[in-house]
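Both complexes shown next keep chain A, but they swap its partner, so chain B is in the first and chain C is in the second.
Right after this comes the complex of A and B.
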C-alpha cells in the first residue's frame, strides 16, 4: 500500500486528502510515481471521468509499473514524462489555459504536489480549490535556507545540501511559494558535530 | 535632547555600545518576575518623555550605524527586501506614514515639504535631500518600501488583509530573530507563526489575529517581544546561522556580562490608509547583561525570569545550552528583594522595600 498517515505537525506543514470524483467540466491530473494509483482508483469508481481528463504523469522510480493500467483507462490526453521540470512548461500552459469548471487533482510525492500547486497558484488558481492525495515516498523537496538551493527527494535527516554542501536538518516549516520545506544547518553551533542520518519517519 | 549618533559596528569587531541614556530607556520586556506568552497589546499613543514609546518611530543614537549595517546586509543578500507585486501601494502608504511621523516628531532631524504630489524629503542625519513625485515609482531609486526602510531603524513587514487573515506579502528584514522573509513571504498569520511552540495551543494567535484585523487608521498598537543574542549582532538571520551560530559557544563566565545581550523587539502595528494593509515594524533593541545590571530591579527580575522559563521556550529562543551559565551570572544580582510592577527602572525608589 502506498499511503502514509503523516503525524500531526505545525500549521505551515501541508496536509493531503483523497481524490474525489467531484463534478467538473474537465479534469487535469498531475501525478508522479505511486500517485498513479490514486488516479487508477478514482477511475475505477467513475470510468467516464477519464474521457474528460488530461493526465500528466511522471513515473520516477516506478518505471513502467503503472503505465499499462493508465493506458487502459481511456484517458482523453495522457502524457508521460521523465521529470517535473521536463513537464513544467506544458503543466503551466494547462493551468493558464484552464477555464471555469476545471478540476485539478494532484497525487504522488510531496515534491510533485507542492510544485504543481505552486504553478497553479501562479496561474491564479486558488490552492484551496485543488484536490491533493499523497502517495508513495515520504521524501521531501528541501530548500537550503543558507544558499537557497533546492535538493529534491530528501529521504533522510540530516542530509547534505546538493548545492553548498552544508549538513542540514529537515524542518516541517513549509513554503507554498517555494514548494519546499526548510533545511537548516545542523552543526552551526558546534561545527562537525553531525548526528547519524536517519530515514524520515523511521 | 540632541541625539549624538554613534559610529559603531554590529558585526566583526562589534564596537556597538549603549550610552547610559540608551540603557535607562531600554525597553526591558518583563513587567513581572515571570514570563509566559500573552497577547500583550496596548495602544501605541506615546509614552513617558524620552522613552522609546514616546514617538511613533523611535530614533536613537544607533540610527546611522544601524542603517549602514542594513545596507551591508542587503548587498550580501538582496532577498532580505521583497515585495509581492500587489504590495506597491502599501509601500507608498508606509513611506507617507514614516515621512509624516518623523518630520512631525523630529522636526530638527527630518523635514517633509509637500505640494500636491511633489514632495521633498530631507533626512539630515543621513544627508539626504530628495525631491520626488508621490505614488510615482520611477522618481525613487528603490521601491517606496525599500526607499524609506533603508532610512528607518527596525525591520518592517507589510501584511495584506484578506479572507479574514493577514498575509506577509512584503518586508524589509535585516535585524530578525532567526526567521526568513524569503521563506515566509506569502504565508498567512498562522503559517508564518507555525514554528512557535505552545502559543498555538494556548489560543494566542487566534486572539492576536482577531485584535490585529480590527486595528483602525490612526490607532496603532504595540507590544514587546524578546530573545537572547550572543554579541550585539543585528543580523541573526537563518540565512547566516551557519556563520553566527558558533558564537553561542564563545560565552564563558568571564565574558558573559559583556557578550550576552537581551534582544528586545518593540513591535508596532499601523493600519495603512490606501491599501488597508497593516504595517508591522519590528524594532530591535540590544542591551548587554552588564548594561542591564546597572538597574537593580532589572537584575533581580531577569534572574527570576530566566530561571523559571519553561524549557521549551528557552530552547525555542536558542539559549537552553547557555542557561546555566547565565543563571550563575544573574544570580549574583538577585538579592531576593521584591520588585515593583511594570517595566520601568524605578531607580528613584531603590533600594526596593523588603
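Right after this comes the complex of A and C.
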C-alpha cells in the first residue's frame, strides 16, 4: 500500500480523503504514479462507474506498473501522458466541455492533486466538492518565495531552489492558487549556516 | 441593541403592483445615503402597531448600488400573523419606520461562471436586486420565474422588457411548468443554482439538482419562515430572571422582546442562527421549525431558535 498518514499541521496545509463513489453524470479522474491504485480500488467496488469516466494518468517513475490494470477497467476514455503540463490542455478542455454533475477525483502526489485542483477551481468547481486521495511519494511542489520559481518533487528539507540557488526551508504553508508549498531561505541571517538536509517525514 | 444597526426612514412611495403585491419605497429621514448592499440581502422593518412592535424581514429589491432609497415588495398574506396585512392596510406615505442595515443570507457566489435563478411567486424579490447587480458587472445569468397567472405576475413585464433573452416566465394557469430536470441537465460547469419560492418548490429543485450530482456548494436557496401561531405557553428566562407568557399569535422571540429583554436576532425567519438559545430545563415537547439547528441538536432538547420555534409542555427555562 502506498498510503501515508500526514501528521497534524497548520490550517493552510491541505488534507486528503479517500475516493468514494459519489453519484455523478460523468467522472474525471486525474492521477499520477501510485494514484492509479486509488482508481483501481474504487473501480473494484463499482466497475460500472468506469464507463462514465475519463481518466488522465501520468505514470511518472512507476512506468508501466499500473497500466495493465488500468487498461482492464473498461474506462470510457483513458489518456496516459508524460507530465501534468503535457496533459494540462486536455484537462482544461475536458472541463470546458463538461456540464454540472461532473465528479472530479484526484489521486497521487500532492503536486498532481494541487495542480489539478487549481485548474478545476478555475473551471468553477468549488474546491470542497472535489475528492482527493494522496498516494505514493510525499514529495512536494515548492515555490521559492524569493524568486517565485517552482521546484517539483522536492523530497528533502532544506533544498536548493532550482531557479535561484537559495537554500530553502520546506514549509507547510500552502497556496491553493499557486498549487505549491512555500520555500523560505533558511540561511538569510547567517549565510552558509545550513542544517543537514533530511528526507521529508523521515 | 440586538439585530443589525438601525436606520430611521419614512415611506416615500407606495405602489400597488397587483391584487396581492405592493411595493413600499423608503428614504432616510436624516438626509444621509443608505448603505449599498449585495443582491439577495434583506432588511428587517420595524413597525409600531399600537403597543406591539412588529419586526418583519423583507428582501431588498431595489438596485443594490442606489443609495437614495430602499424598496421592498410585500405580498399580502391574509392568513399570516398580520405583518403584511398591517403594511398593506395601515402604512401611508410619510409614515416613519425603522429599517435594519441590510443582512445577506442569500448572496451570489461570484466565483460562479453562470447564475441560474429559479423563482416562484413573491420569491422573485431577492433576484430583482441580484439581476441589477449582475447586469452592472456583465454577469452571466438566467431566470426561470413561475407565477400563478398573468395578473399576479409581479414584475414580469419589467423583467421581460429589460431582459427578454434571459428571463423565462411560466404561468401555472396555462399549465406551463418549469421543466427542471432538463433545465438542470447540461448546465455548463461552474453554474450555481439559486432558488427562492415556496418550500415545496425549493425542496423539489434542490432534490433534482442533488440527484444529478450538483455539489451542495453550488445550490443556494432562501426560504423565510414566518413564525406560525400556536398554543400559548410559559417560559422562564433564567439570566434576566423573568417569567414570560407567549401568546398564541406571537413568537417566543417577540414575547421575550416585549418583556424588555434584549435577545440577539438577525433574520427572524429561522435561517441565520443568530438567536440560538440554550435550554436549561424543559418538560414537554419542542416544536422546532427552523432551518438552522441540526437534527441531533433538535432532538437533544438543549437548543431552540426562538424566532420561529415553540414549546408545548409544563416547564421551559432558557438561558436568556
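Keep in mind that, in the parts below, the second predicted complex is superposed on the first by the 202 of 202 C-alpha atoms of A that agree within 3 Å, B and C clash if a C-alpha of one lies under 4 Å from a C-alpha of the other, contacts with A are read in each partner's own complex, and residues count from 1 in each chain.
Just so we're on the same page, contacts are C-beta pairs under 8 Å (C-beta built on N, C-alpha and C of every residue); 3 or more make two chains touch, one makes a residue touch a chain.
Keep in mind that what you see is a predicted model, and the values were worked out from it rather than measured.
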Side-by-side fit of chain B and chain C on chain A, or clash: fit
First (chain B), second (chain C), both or neither touched by A:176: first
Spatial angle chain C-chain A-chain B, Cα centroids [nearest 10 degrees]: 60
Chain B versus chain C as contact partner of A:196, first or second or both or neither: neither
Chain touching more of chain A, residue-wise (chain B, chain C): B
Touched partner set for A:64, first chain B, second chain C, both or neither: neither
Which superposed partner A:11 touches (first chain B, second chain C, both, neither): first
First (chain B), second (chain C), both or neither touched by A:125: second
Partner chain in contact with A:145 - chain B first, chain C second, else both or neither: first
Gap in Å between nearest CA atoms once chain C and chain B share a frame through chain A: 5
Complex contacts: residues of chain B adjacent to chain A: 79, 180, 182-187, 190-195, 200, 238-246, 248-249, 321
Complex contacts: residues of chain A adjacent to chain C: 22-25, 95-96, 98-103, 123-126, 128-129
Touch list for chain C against partner chain A, complex: 111-113, 184-191, 211-218
Residue numbers on chain A that touch chain B, as the complex places them: 10-13, 143, 145-146, 148, 166, 171-173, 175-178, 182, 184-185, 188-191
